[in-house]
Structures are given as C-alpha cells and as structure tokens.
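Below: a set of structures, written as structure tokens.
Paired with chain B in one complex and with chain C in the other, chain A is shared by the two complexes that follow.
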Partner chain A sequence: MDIQRIMAIVEASYQTRHSIEGALRDIDRRALNAMVLVKRHGNALAGYGVVARAFREGAADLKEAASHMQKSIAPLIQAHMRILQHRSYADLFRRMRETMDGAGKICPTLGCTEETWAQTIAAEEAEALNILYILIQAVNRIQEGIAEQEYVVTNGRIEAALSEDTGAPLMRVSRDMGNAVGIVRDAIRSYRNQLEELLHESGTGF
Partner chain B sequence: MDMEILQDYLPEARELLEKAQEDTLRLEADPGNDEVLASVFRAFHTLKGGAGFLDADHLVDWTHHLEDLLDKLRSHSLPVSPIMIDTILKGLDVIDGMLRELAQGDNPGAGPADLGQVIQNLAAGRPPAAGNPPAAQGIEPGVDRTPILCTDMDATLLARQQSTGDGRTGVYVERLPEGATEHSTGKTDEITAEEFEATLDALYGNKAPGLMDSAEAACAASDEITEDEFEKVLDDLYGDQAPGIVPAPALRHDTPPSTVMGAISKGGGHAQALPGVKADPGSTSAVVATPPKTGAATAPEAAETTLRVDAVRLDAVMNQVGELVLLRNRLASAVSSLGEENEDMARIAREMDLTVNDIQNTVMRLRMQPCKRLFQQLPRVVRDVSRQLGKEVKLEIVGEDVEIDKTVVDALSGPMTHLVRNSLDHGIEGPEERAAAGKARTATLRVAAIHLGDKVRIEVSDDGKGIDRQFVTQKAIDKGVISAEQAARLSEQEALELIFRPGFSTKDQATDLSGRGVGMDVVKETARKLRGRLDLQTRLGQSTSIAMEFPLTLAVLPVLYLRLRRDVYAMPVSAIESLIDVSETRMHRLNGRTVYRIDGAQVTPVVDLGALLHHKPLALRSESIEGVLTDRGLFIVSEVLGNEDSVVKPIDFLADENWYQGATISGKGSVVLILDPSALTAAAIADMEGVA
Partner chain C sequence: MKAAPVFESGDHRWWILHDQDEHRVIDSNVYVMESNGQSILLDPGGFEIFPQIFAAMVEVVQPSSLQAAFVSHQDPDIASSLPLWNACNGKIHWHIPKLWEGFIRHYGALDAHFVSIPDEGRELVIGGRKLEFIPAHYLHSSANFHVYDPEAKVFFSGDVGAALLPPGHSAWVDRRDPESSKAFDEHIQHAKFFHQRWMPSNEAKKDWISRVRQLDIDFLCPQHGAIYAGENVQRFLHWFDALPVGTALSAMHA
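Let's look at the complex of A and B:
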C-alpha cells in the first residue's frame, strides 16, 4: 500500500464520519420530531409513538456503533503508516546490502537487520489486518443497525397509513426518516467498499 | 342550616338552574312546547322542594311564585309572552344570587319585591305592573271549569278537568288569589265542597289522589301536610315500590334533599306524579294525574351509574398520579442506565410505563367535563346583549360534547362571556349597517369546541366587520398602550393582538358592556394561566375569529428537554411545531429584529436562549446549536435532549411576570425549569427593539 492509498482511506474515513454524524443527528431530530408530533396528537397516534421511540433508540445505537468504528480508524492508519515507514527502512538496508554485494563485500549484519525489518513488517501487517477486521466488524454492526432502522421505517409507514385519518403528516415524517437512514446506508456502503479493497490489497482476500 | 344537605343541594340546584335557563330560552323560540314548559316547571318545583329542607323560606317563596307562573303556562291558562320570558329569566338570576348566598352559608334574603310582584301579576293574568284582576283568558273552550269556595281561607279553588301533556286526563285545582273570585268568577260559577267531592268521586271513585276527605280539608289548616299524610300518598301511589328503592320512612325530614329531588325530578313526570302532595307549601295548584311507571323504573338505575364526588378529592387523586408519573420517569431513567443485561428490569419498567399511562388517562377522564357546561350561559348573554344593542344575531354552538379538564371549564366561563360580548359590541354590525354592506341583516355568531389531538380548540367567530389593524394601532398609541416607534415595528398580527393588552379599548367612553380595556386582557391572562394559546384571525369587513387552544388535561405536561450550554430546560411539547437544523444562511435582520426564513413564505423571529438566559448569545460557528420552531418563534438552543411526560410544580416565589411556566423533576431527578415560549419571545423582541 502506498501513501496515496492511505490518504484515500483517511479521506474516506473522514467523509464517512462527517456524513454519518450529520445523518445520525438528522435521524435523531426526525425521531424527536415524530415523538413531538405524536404527543401533540394525544393517544390517537400512540402506535406511531412506539415507532418513533424505536427509531430514536435505533439512532442512539447507530451513534454508539459509529463511535466504535471511529475508534478503529486511527489505529489502522497508524499501523499502515508504520508499515510504510518500516518498509522504507527495510528498503534502505536492502539497497545497502546490494551495494555492498556489488562491491564484493559481505556484511552479514545487514542481512540480519533486513530480515528483522521484514519480520517486523509482517507482524505489523498482521496487526493492521486485525484492526481492519475489527473496523469491518464495526461497519457490519452499523449496517445491521441500518437494516433495523429500515425495518422501523417500514413499520412507521404502515402505522402512518393506519393513522391517516388523524390528519398528522406521518407519511411525510416516515419518508424523511427513510431518507435520513438512506444517507447513512449509502455512506457506510461506500466506506465498506473501500475497506474491502484495502483488505484485498492486504493479500488475504475477503 | 344542615351543611350536609346544603352540600348535596347546591350542585344539583345549579344544574337545575342552568337547565331551567336553557329551557326558558328554548321556550322563547318555541312557546307552545309542552315538554319544555313542563321541564321548567319541574325545575322550579324541585328547587323549591330542596330549599324547603334547608328552611330557605325566601327561596321557597320565590321559586313558588315562578312555579305558579309556569303552572299557568303549562296548563295553557296563560299564553307564553316575551315579557314572561324576560321575567322568568330575571327570576332565575335572583335564584342564582340566592344560591350564592346559600353557598356562603347565609340564609338567602327576600327577592326583589317589584320583580316578585311582576311574577305574581303575570301568574294572575294581570298586566305585570298593575294589580289588575286576573283575566280568564287561556282556558280552552269546552273545558269544565268548576270554581269552589274554600270558606276557611277566604280563597277560591278553581277545578277543571283537562288533558295532561302525556295524554292522560287530570283535574287541575287552582286557588285563585284572595279577592279575585268576585271579578273573575260570578257567584253562579262557584261550587260547594260537596260538588267538588262529587266531581273527584266521579273521576276516581274512592281512590281519589290526595287522600283528603274533602275539599275543605285540602284548604284547611294551611297548605302544609303532615309527614303521615305524605307517606300515605306515597304508599297509595307506589305501595312498597316507591322510586329510589328508599323505604318510605326514610323520606323524612332528615333525608337529604338530593334524594327527594332525585325522586321527584328523575323520569320527567314525577313532579306531576305526586298528586295532592303539598310538600310545596303555598302551592296554588297541583296537577292530579296517574304517575308514569317508566319513570319509577328508571330512576334507581340512573342513581346507580353516577356518583357525585367532591372535586377536592379528585384533585388529590390527580396530584398523586402526578407523583406516580414522576416516579415512573425516574424508574425508566434508572433502568435505561443499567444497560441491556437487565432485561427483566427493562420489562418491568415498560409494564410500569403502560400501567401508569392507563391510570393517568383514567384519572384524567374523571376530571373531564363537556363544553356544554361552558356554553350554556351564552344563549342568554347573546339574547340580552343583542337586544340591548338592537342587533340581530343568530348563535351557533358546535361541539358541546367535546370534553376538557374541569379547571378549564370553570376558568373559561368569564372569558367566554367577554369574547361573546366583545363580538356583539365591536364585531357585529347593526341590521341596517349589515344590509347596507350587502350582508344578511341577521349576523351569525359561532361558538365551537373542536378536539385536536391532545388539545381542545375553542373558537368564537362572527361574520361582522372584522378588526381594522390601523384603527387598533392608532387607538393603542392614543391610549398610551404603545409608543409610535413601537407601533412602526409591529407586524400585522402583533398589531391585531394589541386588543389583548391591558387598558386597550377602541372606545373612548366605558359602557356597561365594554370600554374599560379589561375583558380581552382577562381572556389572554386566563389562556396563559391555563397553558393555552390564543389565535386571532380577522378579515376586514367580513369576519373575526378568536380561538383558544388548551391542553386536554392540566395534570400532566409533555415536555421536551433542551440543553443550553450546561443547563437543562424544558419546553411544553404543545408549543413546539418542529425541530430544525439551523442554517446560518437563513438568518436575516428585518426591522431591527433577527428573523429566520423557514421556507419561501414563512419568516419567524429568532429567540436566542443563550442571549436571554445566559446573557451571552450562542455562537453559530463555534458552538453546537439546534432550532426549536414554535408558533411564536425559532428558539436557538445547544441541543435537544428528548421528551418526557412531566408534572408541573408551580414556582410561587417568582414574580408574576416571568419566563417560566413552572418547574418539573426530570427522570434523572433534577429540577428543571419549564420555559414559557410566549413570554420568552416577547422578551426577545423587546430586547431586540431596545438594542435597535
């Protein structure tokens, strides 16, 4: 992996975090809006109240899952930065050994050092891969949360249809909720694609 | 005076009075309605009976005179005339005053002598103002009219056979006033007591109701009957099946009047079903008829399905439920902080939540009363004021069945009258003016109660001339309510709402109807105290509508918790329209005020809570902010935390004018102030104008 690739991951992580934070705030606000709307209609919208509450709880769970994801991003970037640095060191020793070889000089210590760096890099790559797996698991949890939210939104649409005679704009509220969830879903799907490419590049496949 | 009896009597008497007033107004529109006549008669009869138990002699006398008049109308001896309606309504006002005296523990004084004389004159068929002899009009041709002379009391009994309202035949016995015999009935019309007995025997054989041995006995020894005679009459009428399933001896002097009143009034025909019973001393007439059995059968059922409970006890229950709601919130908060591993606790908390909600709703319904109670005074107000002003007005009442908290019903009585009188005095034009404007001569005044989710909207609207904003603004400047500079900054709606300012009136001279600048201020203050909202809509030359929106219940207040930097506040959910993501590009300055553009058409004032409550505006770029859109403006806060059903605790130690509706205890156990959006918006606007 080169520095451009790492920068691309950093950029994607930042964009995803920004997008998810905004969308989660939006989801929370929409859930609260729905709860306010329900309260203003008394018991007539009690069914939708359950949906709105579940939506807000789901939003809180998503926020929690997003924070876990965030925790893994920095260590992953740091691990890859270290790998890059150590690869450059290993390259330096390799070039020195090749120069010495060309001059007909034998330096076993250089070979030993090169070997040590190769082992260090392998260990760091294993650690980075592990972090990547953890990050992908966090992304999985977010995607599960999104699936649950989509299920809640579907229930909300059903409740909205059942409560149509109350005159409350529940269909619009449900649609807005669905849109907010859609933003998180798209952002996280795009991010997952990038992480999977990284995983593929790491040589282990997925 | 027996206070226990009084406590039973007063609420029932007030209901009867309200019903009598409503029926009297119906009678004005439909003078020939026998059912309504009988209903008004029964009301007076029942009021009199209960007053007798309280030894309220003047009330007994007063209701007796009115009962007398109603009896004449009911028997069609006299026709219903407008002056009679006026007199009956005035008579009801006197009874109302007497009931108020009773409520204060005083024995009511005598009613106004002149009005009493008018009632008696009308009942005697004389012109109201003079003591002319009673006219014999109103007796249908062919009616058997048989006067007898009661020698013992120097009075004449006039007996005639006549069909009753329910199609049965009865004998009407009427005592003519002293001295009236010679004028109204010739000597030839008089019958002896024996002749009267013969008439009764012919009708009833040996089962003549009243169990009097002779007509002389009926007149003798004053009008009062002994308890034994009363019992005997009841036994004869009902045997052991007297209505109310009360053993006959229980209906003695120590029986609360409500029991007696219930037995008399329930089933409609019971007042007529006590022939010959002279529990109403001094009665000059009694209708002799067979009692309808259906009334006796239904009365006990009605008694078993309703229960009169002291409002103080209901308030106590409501307060206790409020405390339960707070505990529920704390439990829910504590359980949520335990985490998912406590699934059992979470389930208990959820079930507790549902149960408390059910209890809360049930107790809330206990305090609900139909708006009919609120509206029933209005026909009388409209009638009297429209007459006084010479205007033609049709009153439409909609939504009498809509229920709302008792506190609201009690508190709105005055404001509703103010609104209606205001509409009649200022809004509705005279017939000529209306005709000239191409409108129908008769104006329509509409009073409506509409159920809107957790709110009830009460509207008073008319198709009058509307409110002229410029005229109102100029008057407000003239009267020193606002300055010319302030007037220049007012929006159209704010200019219209000047009518709610204390001291504002469009009249230069106060009349007994308006002009003091108090009525609309009372409306506004009452709405504020009841956590309500006022909405004024008008179209110049066409209509005006003033609406008040109140929560269904005042016991529990759903709130939204807000964070302002480190402090948490609450705002009533009922005031909130939506929560929005604030965008700096939508903020503008307009006439010295900061406003927010919600969409292409809507602009609303910005209320920065940081500036108001912390004296340091929230910085849009460096602090997190969220917007709470209310009908008064956009409130800028740090964060919206969530909603909860709360219980309002009054803050007595603050000045009357403050920014809080009260305080509550959050689920986390901390005391949170509940913001008053209207007061805060007004303060924010005043601040901005001060700066400008």
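Let's look at the complex of A and C:
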C-alpha cells in the first residue's frame, strides 16, 4: 500500500471526525431548541413535538454510532504504521540480499529472514483489512442514522407547514435541522468513498 | 497511548501523548504544540512505539499541520522513529543539536531535512508563536536542549524531571492539593535514581537551575514520567538543586 494513500486516509479520518463532532453537537442543540419551542407553544405544536423528540433521539443514536466509528480509526492508523515500520526492516534485508546477489554471493539465511518479514507484513495487512471492514460497518450505521434523521426532518417540514398559523418559526428550525444533518451526510459520504478506495486497493494487493 | 491537553488558549495548544502500551522499552512522553494550524512534535519517540504515537497524535492535530520536530539529544527513545515520520511526511523540518547530526542520521532517512541547533541555542517560530531552544548540555547528553514557550509558560525539560512510573500512570504529578507537597514527595521517589544515575554533572545542573529559575514556568514537562505544574515546578527545582548527581562511579567504587 502506498504511504501517500494511507496518509490521505489519516488526514480524512481527522477531518471527518472533527466535522462530525461539530455537526453532532449542532444537531443536538437544534433538537433541544425545537423541543423548547414546542413546550412554549403548548398543545398547538403537539405534532411538531413528536418530530422534535424523534430528532433528539436520533441525534443520540448518531452520536453513539459515531463513537463506534471513532474507536476503529486509531487501530486502523496504528496497524498501517506498524506495516510501515516492518516494511523498513523487510527493505533492509532485501537490499542486503540484492547486494550479496550482485557480488555473486549466496546467503540463504537472508532470503529466509526476508520471507519471515514478508509473512509478518502479510498477516498485519490482513489485520488492517479486518479493521477496515469494521470501520466501514460503523460508517454504514452512521449513514443509516442519517437517513432516519432526514426522514424526521422531512416530517418536520410537513408539520411546520401545517402549523404555520401558530407563528412559531418552525420552517427555519426545520431548515437548520436539515442543514446540520446535511453536513454529517456529506462528510461521511466523502469519507466512505475514501475508505472504499482503500478497501479496493487492499483487495487487489496494490 | 493517551493524548491529554496541557495548555489551551484559543488556537495555541499543547498536548502530552503518554502511557505507552509497549512496556519492553522505556516509557516516554511525546509533546505536541499547535499554533494557528501549524504544529511541532517534541522528542517524537522511539522506532518501536511509533505506530501508537502516530495514532495518538492524529487524535489531537491534523497530520498535515506538522511542520517541525524537535530532537533534544541523540538517544534512541528520542528520535529513532525519525525515518518513519520522514516516510509519512518528508516536509518535516528536524531541529537537531548540531553536535549530533551525523549520529542521528544513523537512524536512517538520509534525505530528512535537518536544521542545526547551535550550542548556544536559538529560537523558532511555529504558527506565529516563539519557542526558545534552551541549552541543557550534560543533562544528560553533552549536546542537549530544552524548549520554552514563554506565552504558554510551558517548559519541555527532556530528561530533567524524568520519573520511572508504572503503566497506567497519570500525565500529571497529582495537583489536587497544590498547598501540600505530599503528592510531590511521593512522586519524586520515582525520579531520584534516574537523576542520580543519568545526570553526570553537578556543575551543569547548577548552571541550568540558575537559568531556568529566571523563566516564568507553569508546566515543567519531562520526557518520562509526569508533568510538574504550579507549586510543583519550584518544588522540583529545589529538590534537583539539593540532589548530588554524577555520583554513579563513586558509588560503584565505594
């Protein structure tokens, strides 16, 4: 695996984690604001109250799903850095063997050591691939959570339209909710694309 | 390996990466300073713990923000990870004691970008914040530097202040009761042997203490063990001043 590809994933992991953390905090705040608004208007906004509650619950589920994703990021980075570390040993033995070969000397022990490192690295690559699968599953769960939230936001917009005569700024609240969910959706979609590229390269032994 | 904040004021931050998971090599702390989206690593650590240091660093700073690394001296727990960092980011500028450059190149990465630190020390600006490389020669290495951030009042003290602590240790010398020296007294028992055995010169020690006493320090951050904060900084300087060092040979011959 190309180190630049790994560094791109590391960079994307950092950015995604931070943008999701910020957006999830925002979603939570928006949900709380909506619930306060509903409370203030009493029964007139009962329908929107259901939406606000569902949005808040969804925000908690998203947070939980994001924490699972974050738990897999550090092990993935660590696994790839260990591969980088062990490749440096393997390269050292390869260069030594090539130098000996060039000098017409045969040293079978060097070949054996090189092979041992190749096996170690192959095992570590398999482990990294396994962590990558787990990470993609965690990303899946976040995407499912986002789809749920988008459904809630759509219902919120309908309820807002139906409750326009109450004077509560529900359309704006719903739009803000939708924007916050959209930030998470876009960040996670882009991250998923990068992870899938990494998976593709890992699978093809790039 | 855990990442914990040391100092934070707006876009100016310090972190410690501590309590490594690999116990066959000496436990080491790595520090990261970030300012205005640029960061520097201080004593980036040994080859064996590189994967966990790297993963912990990514918890707190964006990898591409890393502009520079500081190497206090030539030991393997300080800088043997250099070729791996260089493979990940060839743009890092390595600030290294001039005396040790040719030695440190032995770790690999002949193409790494080295910037010499002369014996008298010098300054470096990262993200608009000034860092001072303070000479600490013979504490313990013959060409050795510490780092002072006058704005954050953070002093990275390398091996000075080091303590050999058990796994799972805190990043801090307990500071819940700053008026009492009890926590410091307990902690310093873990630092005594280290200083007696690894610090070779009482003269160098006295000279360092007289210079460091003139600095305004809130956090004294060693490369092993735990951070001394507030009153514990002065307690440490007082303790170190009174401790005879460089006594190993006489003790062995006694």
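The working rule: the second predicted complex is superposed on the first by the 202 of 206 C-alpha atoms of A that agree within 3 Å, B and C clash if a C-alpha of one lies under 4 Å from a C-alpha of the other, contacts with A are read in each partner's own complex, and residues count from 1 in each chain.
Going forward, a contact is a pair of C-beta atoms (placed from the backbone, for glycine too) under 8 Å apart; a residue touches a chain by one contact, two chains touch by 3 or more.
These numbers were taken from a predicted model, which means no experiment stands behind them.
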When the two structures are superposed on chain A, do chain B and chain C clash or fit side by side? fit
Would you sort A:Met7 into first (chain B), second (chain C), both or neither based on which partner it touches? second
Which superposed partner A:Gln15 touches (first chain B, second chain C, both, neither): second
With chain A at the apex, figure out the C-alpha centre angle toward chain B and chain C and round it to a multiple of 10 degrees. 100
When the two structures are overlaid on chain A, which partner does A:Leu84 contact: first (chain B), second (chain C), both, or neither? second
Between chain B and chain C, whom does A:Lys71 touch in the aligned arrangement: first, second, both, or neither? neither
Please work out whether A:Lys39 is in contact with chain B alone, chain C alone, both, or neither, and reply first, second, both or neither. first
Check the residue A:Arg29 against both partner chains and state whether it touches chain B (first), chain C (second), both, or neither. first
Taking the superposed arrangement, what is the smallest distance in Å from a C-alpha atom of chain B to one of chain C? 5
Of all residues in chain A, those that touch chain C in their complex: 3, 7, 10-11, 13-15, 73-75, 77-79, 81-82, 84-85, 88
Chain A touches which residues of chain B in the complex? 361, 453-455, 552, 558, 560, 573-574, 576, 578-581, 626, 640, 642-643
In the complex, the residues of chain A that touch chain B are 25-26, 29, 32-33, 35-36, 39-45, 56, 166, 168
As the complex stands, chain C meets chain A at residues 47, 50-52, 54-56, 58-59, 61-64, 83-84, 87-89, 108
